[in-house]
């Protein structure tokens, strides 16, 4: 069981959300932030770096948005939907854009294939969490 | 002139936005992220820390959202409005909520007064940048 | 297999370190950063919040140091030991301090017990990675 | 007067350091983190992006280290020198490495010249703060 889940299971207040969905979203966001960071460095190591510029930018954005979101939803006690909802929407859009671009390079570059998977999983988790918020 | 402005003035591509508005938003976001971080620590130093819990949480959220946003808009070359717009909306909501709460403590705690000012300025800058995006 | 490991296995350059050790450190750092973030919020939900102030501060510091470190070591291609080594040392000290404090509250607060575990695992992983660096 | 300084001047506890030196270091770190983020995007916009790869990597590292450091020293109440000292050393090394590389591109690329200045100022501020810590 992930630490995120264990922390939610020992949380002294109500997390205001299904802890299974919340923990899965937290884990997907952490993974995606790290995968995008690593993919930037892998892209920079490719010979055709000029062709990877869009991918690098989208990965950098995705890391920033996922990092903020994992912070916010890891503090569920006083969740403000006016913050959380648009942030998750930004996350969905960022993961979608980054996942699409990584997929374009997936056959050539294994690291982009892995990063695309992390983005897809995170996009899906954020969509489910958003649906649960409403 | 801030480094943010100097970097935009030497930027090799189009920043896709008025550089004055963009630089002012970047500076306001950086300032707000730091002010909220410092205000958390100041709140934790108060004798009535139990009364500061809401303020602490809102400051933590505000730091995370502002930090992500300053990252995203500092890379203007390939700005995706589907990411930037909701992120700025999350920022406006977070700065509004945090600024309101800090203002409630402003008479008692000078650090909350300063933090409220940083939040108000950031909220206003993000609103102007959002208006310019549309 | 974690995404961190999968990305290292598809990395186009040499990671300059044993990929098993590196991936384990990355995963431990990500987990610890999130656990400390969540523990802050759980601490703030406790009735005896005044007694949790030291724990909150150490968790905030630990999140910041672990987040930076996971970023740096996720870009192994051009690792500069003059940066990585002191950063890992800061991480070890931060995880040690935070783990010790969390352990003091572990019997009372399950979330501190979980956070202490995440800190211990991360401290150990950083020590092993440091040893491998030398 | 910067918000960092105003917050230190209204801080309810001892900051454990000269507030002028501390505020200057905080401001230099915030500026450097943002300058490096912006320089990455500017580098990615250059035609000779393959020649900018080292600069991009050093800027990414410098942003991460400076962001962590500004967080840690913005919470001065319970500063642990075993964390702060190596973190500042990592910052000095990162700013030095990034500033040197940016300077190599300074004639060709104005944004690298600005970023080099931000790195130099931050390196110097961290050195002074380190000296004051001892």
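A, B, C and D are the chain letters, set down in written order, and residue numbers restart from 1 in every chain.
The rule is simple: a contact is a pair of C-beta atoms (placed from the backbone, for glycine too) under 8 Å apart; a residue touches a chain by one contact, two chains touch by 3 or more.
Since the structure is predicted, the reported quantities are computational estimates derived from the model, not experimental observations.
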Copies chain B and chain C touch via same or different residues, half shared test: same
Greatest separation from chain B - chain, by CA centre: C
Euclidean distance of C-alpha centroids - chain B vs chain C, Å: 27
Approximate Å spacing (C-alpha centroids) for the pair chain A, chain B: 22
Chain B: positions in contact with at least two other chains: 40-41, 44, 57, 60, 67, 71, 75, 77
Partner chain B, residues of chain D touching it in the complex: 2-4, 6-13, 26, 30-31, 33-35, 37-42, 44-46, 67, 70-71, 74-77, 109-111, 113-115, 117-118
Of chain B, residues touching chain C in the complex: 40-41, 44, 49-50, 53, 56-57, 60
Chain A to chain B touching residues, read off their complex: 54, 57-58, 60-61, 64-65, 67-69, 71-72, 75, 77-78, 80, 82-84, 86-87, 89-90, 93-94, 97
